[in-house]
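Presented below is the structure to which this report refers.
Lettered A, B and C in written order, each chain numbered from 1.
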Amino acid sequence: MSRIKWKWISLVIGCVFLIMAPLFLSAYWVRVLTSVFMFAVMAESWNILAGFCGYPSFGNAVFFGLGAYTTCILMVKLHQPFLVGVIAGAILCTIYAIVLGFPILRLKGHYFAIATLGLAEATKELVTNLEKITKGSEGISLPIIPGDVKVIYAAFYFAMFGIMIVTILFTYWMSKRRLGYAFQAIRADEEAALVTGINAAWYKTIAWSASAFFTGLVGGVYAYWTAFINPEGVFNVGITVKMLLMTFLGGPGTVFGPIVGAFIFEFLSELVWSHFVNVHAAFLGVLIVLVVIFMPGGVMKLMRGKLSLSKMLANIKENRI
Amino acid sequence: MVILQNIVNGLLLGGLYAGVALGFSLVWGVMNVINLAHGAFIMIGAYVTFWIYYFFKIDPFITIPFSMAFTFLLGYLVQKYIINLVVRAQVFMVFILTFGIEIFLMNLSNLICTADFRSVTPSYSGAGINLGGILVPYIRLAICFIALFLTYLLNLFLNKTKTGNAIKATSLDKEAAQLVGVHIGKIYTITFALSAAVAGAAGSLIAIIVAISPYMGGVYTFKAALIACLGGLGSIPGVIAGGLVVGMAETMGSQFISPGYKEFIGFVLLVFILIFRPEGIMGKKFFAVIKH
Amino acid sequence: MEIVLRGENVSKSFGGLAALSDVTFQIAKGEIVGLIGPNGAGKTTLVNVITGVYPASKGKVRFKEEDITHAKPYQIGRMGVARTFQIVKSFSGMTVKENVLIGALFGKSGMKRTTKEALKKVEEVLEFIGLEKKKDFPVEETTIPDRKRLELAKALAMEPDLLFLDEVMAGLRPKEMEDVMGLIKELNRNGITILLIEHVMKAIMGISDRVIVLHEGRLIAGGTPEEISKDEKVIKAYLGSRYAKSREESAHA
């Protein structure tokens, strides 16, 4: 009982700290945290389809890109306000997921993964080619927001923070109800789930749409935050890699795993980046390899039992040839 | 006339693509590993060729054995000391592992070689045979021939040597192969090393006609996946058929639809195949069973 | 007599292989019907076709007079048809309780229940089956006999009118078998119609009202357990024509 209590207490303390943070942290750290929140949302929403439902999408960056581009196009070409752009982007992503879910969600395991990878590449190509609307590989610039830089950064900080809280709440709510159980049953054994009365196609679509929605939201906010986007930047497979890695680091199929993973990863990144600038990206790869070999259940699973070296080595013993 | 030229181009490209996909299909068929790092080995082979050409001015075709040796060794080490540690885990975990290896190799290469595009341009670059109005560049012809020759060699190896037969046996039934004394771990290592070697060769060939960069691998991995699925996993004739189809589709698509939609066409094709005929063109059943 | 399940000329081919040919049968409400046949006869295939896992190549299946031939598995599950699998399909990554919860949340009345109500149903089922003490065990930590019980519990939580049991007796000791037989009889008394696929003759003959026999995809006999055990066609199918012939000869001798 006390363990759970500690969990909630530390959560509340953490939230309070994060809400007060812009007051005393430097602009640099505010930016870092904003980025952490953004990736936390993407990891958490990736986790809904991949961790809970068992369908690992390797192309979720496509929603980030679509959200970003929709926001930009609506703001620049159609002179819509920011909020309209962001919401429209998220809705577009949801529809994209629903429509493409029809063919793609029928595939299983890594076939699904490959297809989503292809989807991201194909969409990136499409967006690049529709030059008249998207300005192609040149990218789109958004007007810089006038005003005090500190206040603006704080605004985006809270925007991302807010979206992160909503995503966490949604995931938590979902995990305790029929929806969450349906997802988990599908991941465990889709055929058994079907005969037990679960309409897998329907639930998988919901999972992917939810992850599309949240990812699209932060994509839109990101666009306005950085004021410039281009296809290579926002449809980047590296974004999907990060979502994946953070989820695995923290623990797939758990509510807080991806969040924990996002924080750990970004802070590790900052540490490494500031000292070994060039090594940064290769380090990602090494980290993925290490996580898969030693702790495929992520940090959350490790925390459930006792942290031990022998546990990590046991994984290798089980899985080696 | 234009059509004929395109068909020829498509076929020549297809031969190369068969070489690109060969190792990938083999590894998937034998070990049920979808090697996302495949493109990285292609990239490494390309760079080996580039650097040898750059420093020693040796004809790029001659560098192929060197790049193959290098990637063979690298593949051997990767399989033995990394992938073999997790290969019995869920297929998806191994998938992510190879993803991590790809990221690492790509970025390491970026560190060492920098992100500038490099080219290998031998003196005979533009020349070719003229067959009644259709231009067949020497280079493309040689590349296609070499790729198909390597495919033939691999096929010979698989069918006529003891190790090759052991590999085939492993792909058909791992447990049965073990029962007759096949050491699965060693077979996996050899298979992956061979796959990497062929990928390296493909990379060398690619370096001769295309500008290379550390991040070029991803596109080829996807193409390899597409061809492997099209042709049926682990099936060498399937890889050739798949390669030709993709080569043709790309060339025709570029000419008659638009050059900018190559990935799109590939993607649509892939989804189609996976949904409607996952056994591929050749219709062989998957050796690989998808276990979650 | 209400007919709960009707199969009309059900046929299923996989490529060139005819797994089922013109299987016609009916099951009345409240019956316990045994389905027997040599290995490869098509017993599990028949259940797979009925529950929608495979589409039938030809013929019709009716559940309570409603045509379910083209219905999807989840629809059939929600209509009140539940099944167990020969090789148990437990939901890994969840506890015993959560496994049964899935059945309670998605079965016949499942979609109308709240999670709380479903959990009450889960408690009932776990007590009936005898797994309440292990309800918070992760399913990976349960024994095989427990998993077989769990398989049954999941099906029961769906509140089925019709229950298919696929070789539930396999690997059980005589005492365990008797317990399961008692369980099945009690379920039947509570109103569930049951189709039992079995190889263990003692179980089939002990509790079935009727037995139907599949051989090479065709229904070759149907009747009371007594009648079936003496049926020449059945003996021939199980033991081969030479044995059947020698029995004939010794009978006429």
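One rule holds for everything that comes next: a contact is a pair of C-beta atoms (placed from the backbone, for glycine too) under 8 Å apart; a residue touches a chain by one contact, two chains touch by 3 or more.
All of these numbers come straight from a predicted model, not from anything done at the bench.
When chain centres are defined as mean Cα coordinates, C lies farthest from chain B. Ranked by the number of C-beta pairs in contact, the top chain pair here is A-B. Chain centres here are Cα averages; for chain B and chain C they lie 48 Å apart. Chain A and chain B have Cα centroids lying 31 Å from one another.
In whole angstrom, the spacing between the mean C-alpha positions of chain A and chain C is 43.
Each of the following residues of chain A touches two or more other chains: 187. Per the touch definition, chain C reaches chain A in the complex via residues 51-53, 72-78, 82-83, 85, 89-94, 98, 101-103, 105-108, 110-111, 115, 154, 158. Touching chain C in their complex are the following residues of chain A: 176-178, 181-182, 184-185, 187-189, 191-200, 253. On chain B, the positions that touch chain A within their shared complex are 34, 82, 84-89, 91-97, 99-108, 110-111, 184-185, 188, 218-219, 222, 225-226, 229, 258, 260-264, 266-268, 270-271, 274-275, 278, 290, 292.
Touching chain B in their complex are the following residues of chain A: 54, 56, 103-104, 106-111, 113-115, 117-119, 121-122, 124-126, 128-129, 187, 237, 241, 244, 248, 278-279, 281-282, 284-289, 291-293, 296, 316, 318-321.
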